[in-house]
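Chain nomenclature is as follows: A, B, C, D and E, assigned in order of appearance, with residue numbering initiated at 1 for each chain independently.
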Amino acid sequence: MTLNRDTVVNLAILALLVATAIGAHVLGNGFTVTLATKAAIFGLAGVGLNLALGYGGLISFGHAAFFGIGGYVTGILASHASTGTPVATLPFTVMGSNEMLGIWPMAMLAAGLAALVIGALSLRTWGVYFIMVTLAFAQMLYYFAISWPRYGGEDGLSFYVRNSFPGLNTFAPIQYFAICATLLAVALVFTAVVTQSRFGLALQAARQNSQRTVALGIRPYAIRLTAFVLSGMIVGLAGSLYADLNRFVSPAMLSWHMSGEIMVFVILGGVGRLCGPVAGAALFILLEHVLGGVSDYWQALLGLLLLGIVLFAPGGLIGILTQRRRHA
Amino acid sequence: EPVKVGMITTLSGGGAGLGVDTRDGFLLALKNAGEAGQQVELVIEDDQQKPDVAVQIADKMIQSDQVDVLTGIVWSNLAMAVVPAAVAQDKFYLSSNAAPSQLAGAGCHPKYFSVSYQNDNLHEAAGAHATDAGIGKVFIMAPNYPAGQDSLAGFKRYYKGEVASEVYTQVGQTDYAGEIAQIRASDADAVFFFLPGGMGIAFMKQYAESGVGKPLIGPAFSFSQDILPAVGDAALGVKNTAQWSKDLENQANAAFVETFQAEYGRLPSLYAAQAYDTANLLLSAMAKADVDDADAFRAALAQADFPSVRGKFRFGPNQHPIQDYYVREVVREGEVLTNKIIGPAMADHGDAYAEQCKM
Amino acid sequence: MLLAEQALNGLQYGMMLFLMAAGLTLVFGVMGLINLAHGSLYMAGAFACAAVAAATGSFWLGLAASLVAAAAAGALVEIAVIRRLYARDHLDQVLATFALILVFSEGTRWLFGSFPLYLTLPPSLSGAVMLPGGLHYPLFRLVIIGFGAAVALGLWWLIARTRLGIRIRAGEADREMIGALGVDIARLYTIVFALGAGLAGFAGALVGTIQSVQVGMGEPVLILAFVVVVIGGIGSIKGAFIGALLVGMTDTLGKALLPGLLSRMWDAASANTVGASLASVLIYVLMAVVLILRPQGLFGAGAGR
Amino acid sequence: MPEPKRHDPILEIRGLRKSFGALAATDNVSLDLRPGEIHALIGPNGAGKSTLIKQIVGEIRPDAGTIRFEGQVIDGLDAAARARLGLARSFQVSSVIADFTALQNVMLAVAGASGAVFRFHRPALADRKLTEPALFHIEQAGLAGRHLVPAAALSHGERRKLEIAMALALRPRAFLLDEPMAGMGLEGGWQLTAILSELRAEAPILLVEHDMDAVFALADRVSVLVYGRVIATGSVAEIRANPEVRRSYLGEEA
Amino acid sequence: MTRLLELRDVTACYGPVQALFGITLDLDQGEVVALMGRNGMGKTTTIRCISRLMPHSGGSLRLAGRDIAGLTAPKVARLGVGLVPEGRRCFAPLTVAENLTVAARPGPWDMARVCALFPRLRERMGQVARTLSGGEQQMLAIGRALMTNPRLLVLDEATEGLAPVVRHEIWQAVRRLKAEGLSILLVDKSLREIAQVADRAVIVERGATVWQGGIADLTADLADRYLGV
């Protein structure tokens, strides 16, 4: 990979995020570290969504489903681990766990399975219809979670203690940030590699002109479904991390606001740009934090700022930084 | 020595009204306390009615602002997200509204006080009132989520008559024609409903239009001063239960209602009253003990030695109120709609979960 | 008898949904613009109506104000924001209109305070009437059915039968080309957007009258309206109309019948909660099933990916 | 499956029918494409030529009839499967990936032909198995030096050439070309004529074309489609002499 | 004769890439001018500048003596420029009838006359443009432009994809239109036909006018050099 402008910008964004966290840690400002962690986690979710939305053109308005599933798997496993009861006994016994290394694969697997089912059905539609079917599936899960009393319903599920990671004290904000940032970096490298591979080429081609890809012997459905599942898994991982950040999960993680917010991170940062979602999430969280102190009506200011960005910076933040609109 | 208080409440979005009243009630108490009130250093943050945001703010208040006491959360689901972790980190939490059953029973904690009620209380009072009023059959209805399920359970706990029909509605539902048709078709003598916020407004308006005319009973939430003006005449005459009303006759309440109106130009709501009491409870404890001496401070809080706008007020063993509940009726006073107490519902009532609390 | 009333309720709810979705049908279905701020315009209409009705004491003036205020807000938004986004990706429209929601919601809260407003029916429209068959039914709900049908007819005529409609659809298909043929599509779009906004505001006032007028009231409407438009097929007024009725019926009858059906299998309490849960996802199930079987919605134009 | 003999048709269409409402767009069409030939399909606008191609490649399902490709009945296969068997088409209206460069477009075709698109790790642009053949075909189609231009920035004629390059890159068993000459310009037309002439040795071509200069120069056989029916098949000379064809289609160009 | 269209040293860019480097072109009232050049030389870009579908970056454009640099595309169209664009660009979801009426303006050309020119369109009146055959779409694009009753008809490869007989009819129509006094700017690859109808030709090479003159002066040598015949 040559060190072109995009790469420099991407590295700079990551460096900035890490520097913020470390700086805040040194200054003893734990909350800023938490905010940076939140940015890394939402950035990760955005990176996951971007794979489907940015590269595959699959505008999913239901990724909160995977985010929430990742979260609930984490919450459920952790709460069962603390009570020592099995999660399920049929068809085989699943015990709770409070080891992140055990939880992550489960969260990703569950989210991936959900993405497989939702994707397999939703991908029969396209465009705006796809937006709405994915939303429909997420809403079904949302309403289910609200009214299902077993794990708290609308009240959500607290598990009080962050899950553990070998050799680290996950409760220390900076150490937990390190975990999240590392996973974010891994996901970024993964996305970079995948999108530049043959598969990535086919995925982007299918986004723009599926009729043409079919004529070349490539089945867009299979390509898209694969991307959708990968995307769901990454978002599921992000959900798991978010659950651990708050030591709490609730149906809010499954709501359409969440889907919309992840989407906003991606668009704000720059659709189909590698680090776009990270930049988008970081900016959004920064604005939320800074503006929150300005006025009770801070959300109006946030809205105006976002408007300014869409109107005057096509291509999102990364678009401004690299001075060009998106290309292939 | 000043006490640092973190207030997490909803100040933006659709639910902001309740948070604003909570904040304003609390601030008013501090102001009215003069010198003593300045001993409280208050940090206020907007939780946007999102549980995850509330958790993060709590983390921040605990880690960065190093508050001693937390308060302000309006919604039960946010409370469930914040309170257990906060008290586990040795902070006091004084609830000015939300009081879910988990925190009253097995999940009770020495550092957690509910200054409002336990969530079921108003529904229980409504059940007791329905029994007292000799209503034979009731149609009961609530949204399908834990607070809704608790509310119907609470009502039934003290209602001795027959439940004609039990209906769960959708959270956030705005059209109740279907439920109204069921009410019309049922042989119930009255309707008990718990529909907070916009849901209640919509239901009552539509119910009034429908001409069904069976009497309504509800907890105070749908008849609180923040909502009543929006419901309008449709609410007139409806009986509702609360532990407070602006016409409760005691000195503290008179002063509260008067200063609130003077300060903010509107009538106070239940939430404002509860926050006002919360602040005064805090001030009373500060006068007796140092917040750094957790045991002494807790003991001072538990005494509840402050002039409550509810008149008499004390804590039960699980640090939830034992207090009187009243039946109110919505009336028109000049231009505005408001509530008038028409009688007692329950006296010295605690809650059903205190036994499970091992503290 | 109960079933008949419930069916009527379903019809009425469907009409109400159509009224709420009508503006969106125009802007999203016909112009192809994803306008998340539709709910905000709906809210703006309701607030305008409440404010004017409170100030003048006349519900009718309030209703007129809702139309005018929302249309004006729509025109303003179109000229200041939306206009720059037609050439862009759908996604930029999503972000921009999401931002507009924030501005509108908090702006409204700033103007009108955090508490719900009062908006109620004038005596001439309130109360229940006796329908043939001995059914008591609220007069205003009948009025809503009437308004819904009228708006549906009007929109259908506008889009299918007038040159304005043809031009909007042409502009949606190829904006540049319609310009090159001498049609000033920019002005046309402003008009149509304002019209859609006006309809949204009008619906907000009508529906807000029997629901509640408060910040955030537009959000559930937004999703429902999208569901309705999509089930019917984007671009089809008829589709939106049928979609609305279908959703209304499904929702109402689902809520009425499901708990009863389930109580044959379970005890009453869990049948009630499970039934209610199922009923609340029923319209989403309906949408998913419709789209999986007919990916372009019930009346959507066939292929054309 | 028996080995197809050298002179057996590669593509055999029998009794194909397709109606759109009352309109019979394809009306009992039978047609062969033999090894090594260019078979031109001409006919008035709206006669059903493109519809026929769409049925052969599997984009439209016929109402009746059967299609054999290299001896195998392909009626049940979807479009992607038929493309993989070696049926390459070009589109009447250029259909390219707009954001991709010309090179990426053709690389995608090479990848599609190889059938190995589920490769996740190797950067495609550094994969010489893709880039080398792609560059070769770009040059062949007369787009040398334009390979790094995004397809959206190509002129109309250049995009037509890209369309050809992609068809070539599929290295198919048979070509189905829908008006490849359209938009080519004079020079491009000559070049393409030369390319197609050589190409027939590699794989036979079913050529839909309104450019009679090209058809007369290239076609080994010509079929004429009118209102969905084949009204004549024969050599260029026979078709030029056919009065019915002259009247309904060729006019002065006979 | 009055000058209808006059381009002087027009330059234009697609983003950072310059596509036109100096186009000069004259077209008199009632004249037919052919714009010629190899693929990618800037013919379509020139036409897009004339119809104001893209801004130019330098030089001047005048229509009937009026500077059109500041005008929008609809304005120019209403001044009488009827465009048949490259690639047809029919409104896909609209029916044939709707495509024809969408931008119609009163004048000699109406539905009946367009149908007389293209009987095929009459048969397909209620069909949506998306499903038309290529040639049918081309007919529709021409008909649509005629329905605006232009003073200057701009044809960008308008005969592409048409059957020989139809093409022949189009050329006859062009001759007729010319006889009726309509001015025409056209891009086409059929030298034979151009030689018969055009009064003058303009040849562009790499975005600049390299030759402009009467059609009779277009020698085989020039054609070979600039068009690759």
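As a convention for this text, contacts are C-beta pairs under 8 Å (C-beta built on N, C-alpha and C of every residue); 3 or more make two chains touch, one makes a residue touch a chain.
Chains and their UniProt names: A, C = Branched-chain amino acid ABC transporter permease; D, E = ABC transporter ATP-binding protein.
From a predicted model like this one, the values you see are computed outputs, not experimental measurements.
Touching chain B and chain E at once are the following chains: C.
Steps from chain A to chain B, minimised over paths through touching chains, total 1. Distance between chain centres (mean CA atoms), chain A to chain D: 44 Å. Here the spacing of chain B and chain C, counted between their Cα centres, is 34 Å.
Averaged Cα coordinates give chain B a centre that lies 74 Å from the centre of chain D. With touch defined as above, residues shared between interfaces to two or more other chains in chain B number as follows: 12-13, 16, 144, 149, 168, 170-171.
Touching two or more other chains at once is no residue of chain D. Looking at chain E, no residue sits in touch with two or more other chains. Applying the touch definition to all chain combinations yields A-B, A-C, A-D, B-C, C-E, D-E. By the touch criterion stated above, chain C contacts chain A in their complex at residues 28, 34, 36, 81, 84-85, 88-92, 94-96, 98-107, 109-110, 223, 226-227, 230, 234, 273, 276-277, 280-281, 284-285, 287-288, 291-292, 295-297, 300, 305.
The touching residues of chain C, counted against chain E in their complex, run 163, 166-167, 169-170, 172-174, 176-185, 235, 301, 303-304.
Interface residues of chain A facing chain C in the complex, by the touch rule stated above, are 53, 59, 121-122, 124-129, 132-133, 135-137, 139-140, 143-144, 146-149, 210-211, 256, 260, 263-264, 266-268, 271, 297-300, 302-307, 309-311, 314. Considering their complex, residues 20, 43-51, 92-93, 146, 153-158, 161, 179, 182-190, 210, 212, 248-253 of chain D touch chain E.
Those residues of chain A whose C-beta lies close enough to touch chain D in the complex are 1, 193-194, 196-202, 204-205, 208-209, 211-219, 223, 226, 326-328.
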